[in-house]
Every structure is written in C-alpha cells, then in structure tokens.
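Letters A, B and C name the chains as they come in the text, with residue numbers starting at 1 for each one.
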Amino acid sequence: MRELRVSYNTRRGRVEALSDVSLALNEAEVLGVVGESGSGKSTLGLAIMRLLPRYAKVERGEVIFNGKDILKMDEESLRQLRGREIAIVFQDPYSSLNPVTRIIDHFAELFREHGYNYSREEVLRTAAELLEKMGVPREKVLDYPHQLSGGQRQRAAIALALALNPRLLIADEITTALDALVEAQIVDLLREVKKEYKTSMLFITHNMGLVAQLADRVAVMYAGKLVEAGETGQVIRNPRHPYTKALLTAVPRIGGSRSLQPIPGEPPDMRNPPPGCRFHPRCPLASEVCKRETPALRSIGDRLVACHYA
Amino acid sequence: MGLKEYVISRLLLTPAMLLILLTFVFILLRVLPGDPITMLEGKNIPEDVLARRRAELGLDKPIYQQYFNYLYSLLVKLDLGQTALEKIPVSYLILTRLPATIELTISSTIIAGAIGIIVGLLSARYQYGKFPYFARVYSSIVYSIPVFYLGLMLQAYVAKPVGLPTTGRLSPINMVLADTLPVRTGFVFIDSILSGRPDILLDYLLHMSLPSLTLGIYLSGVFSRVTYLSVEDSMSQDYTQAARGRGLKEWTVVKNYGLRNALIPILTMAGLQVAALLGGAVLTETTFNWEGVGLLVYEGILKRDYAIVQGAVTIYAVLVTLVSLVVDILYAYVDPRVRY
Amino acid sequence: MRKPRTFGEWCLLLGSILTAATVLLSLIGDIVAPGNATSSILIIDGSRVEVPPLLPPLSSIQLAGKTYTFHLGTDQLGRDILSRLLAGARFVLAVAFLSTAISSLAGILLGLLSGYAGGMFDRVVSLVMDSLYSLPGLIVAIALAALLGTGLVNMSLAIAVAYIPSYFRMVRGQVLSLKAMPFVEAAKIAGAGSLSITLRQILPNTFPSIASLLPITFADAIITEAGLSFLGLGIEPPTPDWGFDLNKGRQFFLAGYWWIGVFPGLAIIVTVLGFLLLGEGLNEILNPKKWEA
C-alpha cells in the first residue's frame, strides 16, 4: 500500500479517514494493525478489497498485490480476486453470513461463483472438514447461521474465508464482539492457520495484547496516519512513538503492579484534525514544532516512526 | 421445529383465528349504532314491512342470540340468509360468484407480483443509479389513480382501439355454452381446458385481460413500493458487502442476498395486499361488469339488500383468514428463523 | 429557502404545493367559479336560466344576454363541471380530514393505553385491531357505511374505522419499545405518575412517525371516499362528489361525453398525489435512513 488517502463524504462534511498511509506485507507474515476507533484501521481493510461504502472516495494511492494495483483493476478481475486471493472476515459474526442460507450453501455458492464445479457431496465433505478444522462441530454445516453461537459463526466465517486458500486474510476486529475465552480460541486458531497454510494476515484490532500473541509485525495507527511500524516484539519492548507507549501502558495486565494510565483527551474530530502532528493535543512531549509541522515517517533501524522526538 | 410441524401448528390455530374474525365481523355488522334496515330499505317503507324484514334477518332478537345464530347458521348450516326480493339463499349466490372473483384475484396478483419483482430486481441491481427514483414515482402515481378510473381509461383508450371486450367474463354465446360444458367447476379457466374448448378459453382470456390488468397495475403500485424498500434495506445490510467480499457476481448478490432477504417483509405485505385486493375487486368488477362477489356487493347496495352485503363481508373475512394462513406458511418456508 | 437536494425534499415541495393548492381552491371555489354545481338552474340577474346539458369543455354560450364559458363543460343534468369539482373538493377534503382526525386520535389513544397498560387489556385490544387490520379497508367502510347511512359524518366514521389499526400499531410499538428505556425508568424513580410518563415522555417520541403517516391516511381516505361514493354509499345527491360523478360519467363516456368522468378522476389523482408526496417527503425528513457511517 502506497500513499493511500481515503475520505468519507458525510452529511457533516468531508472526513479524511486515511492520510497517505504506506504499508508493506510479506508472504506468510501476520501484520497487526492497532488503533483506537476512528484511527482508520477498518477503512484500511475495506480499501484493500475495494469494499468501501458509496460515500467513500480513494483520493490517491496504490494497493499493489502480486504486482498489480488493486485500485486500478477492472470489475471482473477484482471479483475473481475477492474470496480467492484475498478474503476478509468482519467484526460482527452475524454480518458475514446470509441469515436465510444454510452454512453448506455458503460454501456451495462460493465454489460455484469461482468456477469450481463440485458435486453436492464434495461440497458437503469439504465444508464439514473445514468447519471441523476451525473447531465447529461437523453437523452444523447443515444449519442456519442463527442456530450457531457467536463464536461458531465467526469460525464458520473464517472457514468460508479460507476455503479457497487465499494468499491474504484480512481480519477486521473479528474478536471484538466475542468474550475473552472465545477470543483466545480464535487467536489460537489463527496461529494454527498461519502455521499450516502459510497465509498472510492483516489482523486489525484495538487490542495490543492480541497483536503480541499473533503478529510478526505491527503497525500503529492514529487519526488516519501511520505513526509507528516494526517487528512486534521490539515495538512492544521498546516503543518509540509516544502514542504507542501510551497504548502499551493502557493495556491491563493480570498481576501487573502498574496502575492503568488512560491516555488523556479524546481522539480528534476527523473533519478538522489538529494541525501538525495529530497526536500533539494528547502528547506529553508536545512542543511548538509538533503543532506546526507534521512529522514524516522516518526509519530508525528497521522501525518506522512518525515523531519529532523519536 | 421444521416446516411440517410449523404447518400443523399453524393449521390448528386457524379455527380460532376464524372465530375471532367472524366475531369481529358480527360486531361490525350488528352491534354498532345504526339500523341497517331503515338505512338500506328506505325511509318511506311502512313500519310493519320493516318489522317483518327485521324478523327475517333475526334482528329483533337479543344480541347474544343473534351472535349464536350467526355463528351457528354460518359454520354449521353454512347459511347466510336470503335475499330480500327473490328469497334466494345468499350462500348459494356467493358460491356461484366466488370463482370469478378468485380468478380475478389470482391473475391480478400474478401481474402485480411480476411488476413488483421486476421493479425490485432493477432497483437492487441499479440501486445507485436513476432507477429507484423512477420506481418511487411510478408507485406514487399508480397509488393515486382510483382503480375504477384506471379501468375506465383502459376501457376507453385500450379496449376500443385493440378490440378487447370490456364487460363480463364471456361473450353472451359462450356464457350459455359454459353452462353446458361437461366439466363445470365454476372456474371458466379450468372448465374450458378440461372440456377441450380452446375457443371458450381464448374468449375468456380476452375478457379477463383488462380487468386483471387494471387491478394488477393498481396493486403493483404498492407491491413495487414495498419491494424496492425491502430490497433497498437488504442490499444495505452487512451480509451483502460480505458477499461481494467473497467475490460473488453482482447479480448473484442481488438474487441471493438482496431479493431473498427482502422476501420476508415483502411476503408480509403481500398477504395484506391480497386482502386489499379483495376490496379493489369490488370496484373493478363493478367497472367491468365482471360477475364476481364484488359485483354482487354492488348489486346488493343498489337493491338495498343488506343480507347480501352482510353475507359478502362474512365471506371476505373467511377468505382473509385463508390467505393469512397461506402467507404464514410461505413465511415459514422463506424465513428459517421462524421454524427453528 | 434553498433548492431541494434529495428526492424526499422534492416530494415535500411538490406535495406541499399540490395540497395547498387543492385546499385553497376548495375554499375559494365559490368565488372562482360561481356556477351551478348542484342544479341545472343558473341565477342570472334574478331570473332563473336553464343551462343546457352535455356541453363540451370551453364552450361559451349565450344565456340571458350574457356570454358564459363553461371551462370544463356541463354534465348530463346541465351542471357546471368546474364548479362541481370545486364544491366536490370541499366535501371530499372535509370527509378525509374528519376521517383522518378520528382514526388517528382513536388509534393513538388506544395505542398509548394498550401499550402502557399491557396485560389482558392489551391482548384483547391487539387482537381486535389485528382482525380489523386484516380486513380490506374498503370492505370495512362498505359494511359500516351501509349500516350508518349517508352524510358527511357517517361517511367519515365509516372510513375512519379502517385506519385506526395503523395508528394503533405504530403507537403501541413505540410505547412498548420506549417503556423499557432508561429514561422512563428514571422518570418512574423520580416519582412521575403513569399518565405523566405516557404523555410527556413517550408521546412526543411518537410524533415523527405519526406526522409522516397522517398525510398518507388523508390520501387513503380520499380514495376510499371516492370508492364508497362510486358505489353509491354515503352521499346524498345532489351533493357534489368526485367518486359519484365518476360513476355517472362512466355511462356517458362511451357515448363520447368524456369530460363528465375524466375531470373528477383527474381531480382525485392530483389531490391524492399531493398528499402522498407530502407524506413521502415528511417521512424522509423525519425518519432519515442511515446513509452515512
């Protein structure tokens, strides 16, 4: 992804959700994208698949996948790409699945639309196997989505996303709506998937803890901008951007001695973001230069940071 | 639960619903203030004639007895009283006229449904283009045209030039012939086919074209409005975007996610609309002289015969119950959340 | 005032113009076209002059020395159609207004009571309303009109009954969902009585939905009224009425005298369309759908 800029045209004005964001993701690599609500992280996932709503506009940038720019593809190539090369799973377990269709028919539909002519028995077998691998009881394959629990629905959605063995899986806050136990199970599941299928993943979340368990590299977003990116272990042990530092202190740890330190202030109004560095109103290190100049993304070692004081 | 169990439980519920509806009709017809006899039979008729008529209709007895008689004669004896002048059993009259109304209802529903589905499909496929505006304008205008005016316009400007018949179910010759056919269910459509008389069938279809077109277009206003609203809603749901995200073709998305999910609210509306259709049938049948129950109601009003009006309203209540039964069953078939 | 931006705003504008025009015309009708709406006799300078029947539109004839133009022609009894249309407007709008008022008030009241009271009362009333709702509106109106008789009030009553369930359902649904909301709980804890809660907390929240339903009921009532009078129920000749005229016009239509039936029909269409558009526009403004993130 290079210099991607996406804006939304809402009733109350133009909101810039992604401001010239550049990211790279390699094969068999899991990239965690962390940020608060409104940081633009979900927009990122949708933009890659070109699933942005009608009132959104990609103003500039490229998204190169296997040498081709997704943003410039024609409709048919895009259609073939989706579901087969790149797949996405959403936050709401209910919203990925068709309420009036059985689970097996979701698979049948997917295969058919991508040109695979399997017989009914083959579809049944494949779907049941996939469900089982994802931790859902085989019998559920003939059920309707509302007959599955939230966690099972999410797993089924993941199974559906992986059915055609895509190169890239985008997981957009897929555990946010689930309780902690199920959340942990899903993360374990993704680790297994990564090991077995070597699928690259874009794991979008607001939870730094999950990123620590799963991601090889992490990208931190704030107010539509990428503020820090690097290898997960290193970023967590040694955060360079004040926002990343604050995020890590805000994560509660069982048995931890430190008290929770919330980040003062609120995320900015994206119709009118703060001038200069967008984090400056909440940053302990903020100074005059921070208010005037937007920090560029610099590389320090293998780390990318956008701060005047990193 | 499964579909079978749902159907059975729904069927068992029907008699109760019918009873409630009939009670309601009874209240509508008898308990409310107003004396149907003077109202319909005229103010200048001598009191003893009125009294005799009241006794005939059983209106001089206490309410509880009237209610009981009403239910008993209707459900057990299937008797709806007799017409004022000729003393013909009303139930017989209605039964002979019912097939015509049913034929009209079915053909109009098909036309309205076809238009509604096409509008819905196009609205879904081109939801960001100009089509939805056209759909909304269309349904608003059609809704505003009184059905009898539409019928009149069609009679004058379509029938004449094209040469379509404008009144009745069949031309006079075939009317007589129809009574002599070997198969006589009352449904000319069935009778003519099973008796091997394509000429009568053709005549019948020609006669039916305008009335069903009128009623069908009239209904398509509401149908298309509900369709595009429901489809608009289902197309904006998350599962539609998710479907696109899986690389499904746009038409597949429209069909399986947009229309399929929209069927649920559409079906609910459809049931109500069929009820409304029965009301519109009265006006259409009057306009085209279509010999159905609707025309019977009109004749009853003209002749000031309350027994006919009362009988017809009762039958409509029964029909409505049946239709809602069918709709509920279809609903369970379409929405799996209901039965599991 | 700015140019309408969305389809809903166009509807609102057009609907408002049409309905205002209709109401205005019905009120000042007598001044605009002081013709003979109810009889074939025209009083000119104190003398009674008989107007010829079946005059085509825009025909000017000499009556008692003066030239009179019948812009929409005369009907089979020599009555000026334009005046009849305007006088009919008054009647039709009055019936529609009364029916809408009765049905909305009754429906809202019952909905509030039933929704808030709950229990057996609610179940019985809901059952009655569901039964009423499932019957075709015109049929209910016919049954009642046959029972109640002719006249403006009776007709309005007959029509109103058919629309009560719509308001009932809408208000009851809102009451049920609002009853469980925290701010109602808060009011209860603060000591507010049931009546006060219902009136001051819940009722105002139902206004937007009610407001957008009112014009539609109005439009429906006009159509039902036209249907009733077409069938001959509810009005006493020679009261001018569009539906009734349409029926009479039917017979003369095929003989070539098209204006007797066509103009009342057009009047109905335009009036109903006006209220319908008004309702659509209000609906879009008061109940905006989600179109932004």
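Keep this in mind: contacts are C-beta pairs under 8 Å (C-beta built on N, C-alpha and C of every residue); 3 or more make two chains touch, one makes a residue touch a chain.
Here the structure is a predicted model, which is why all the values come from computation and not from measurement.
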Maximum inter-chain contact count - chain pair: B-C
Most distant chain from subunit C, judged by the mean position of its C-alpha atoms: A
Distance from subunit C to subunit A - Cα centre to Cα centre, in angstrom: 55
Centre-to-centre distance between subunit C and subunit B (centres being mean Cα positions), rounded to whole Å: 23
Rounded Å distance, subunit A centre to subunit B centre (Cα mean): 53
For the subunit B and subunit C complex, residues of the former touching the latter: 20-21, 24-25, 28-29, 32-34, 36, 39-40, 133, 136, 140-141, 143-149, 152-153, 155-156, 236, 272, 275-280, 282-283, 286-287, 297-298, 301-302, 306, 309-310, 312-313, 316-317, 320-321, 324
Subunit B-touching residues of subunit A, taken from the complex the two chains share: 49, 51, 54, 79-84, 87-88, 90, 92, 94-101, 109-110, 113-114, 143-144, 146-147, 157, 160-161
Complex contacts: residues of subunit B adjacent to subunit A: 128, 237-239, 241-249, 252, 256-257, 260-261, 264, 334-337, 340
Contacting residues of subunit C [partner subunit B, same complex]: 7, 11, 127-128, 131-140, 142-144, 146-149, 219, 223, 226-227, 230-233, 243, 246-247, 249-250, 253-254, 258, 261, 265, 268-270, 272-273, 276-277, 280, 290
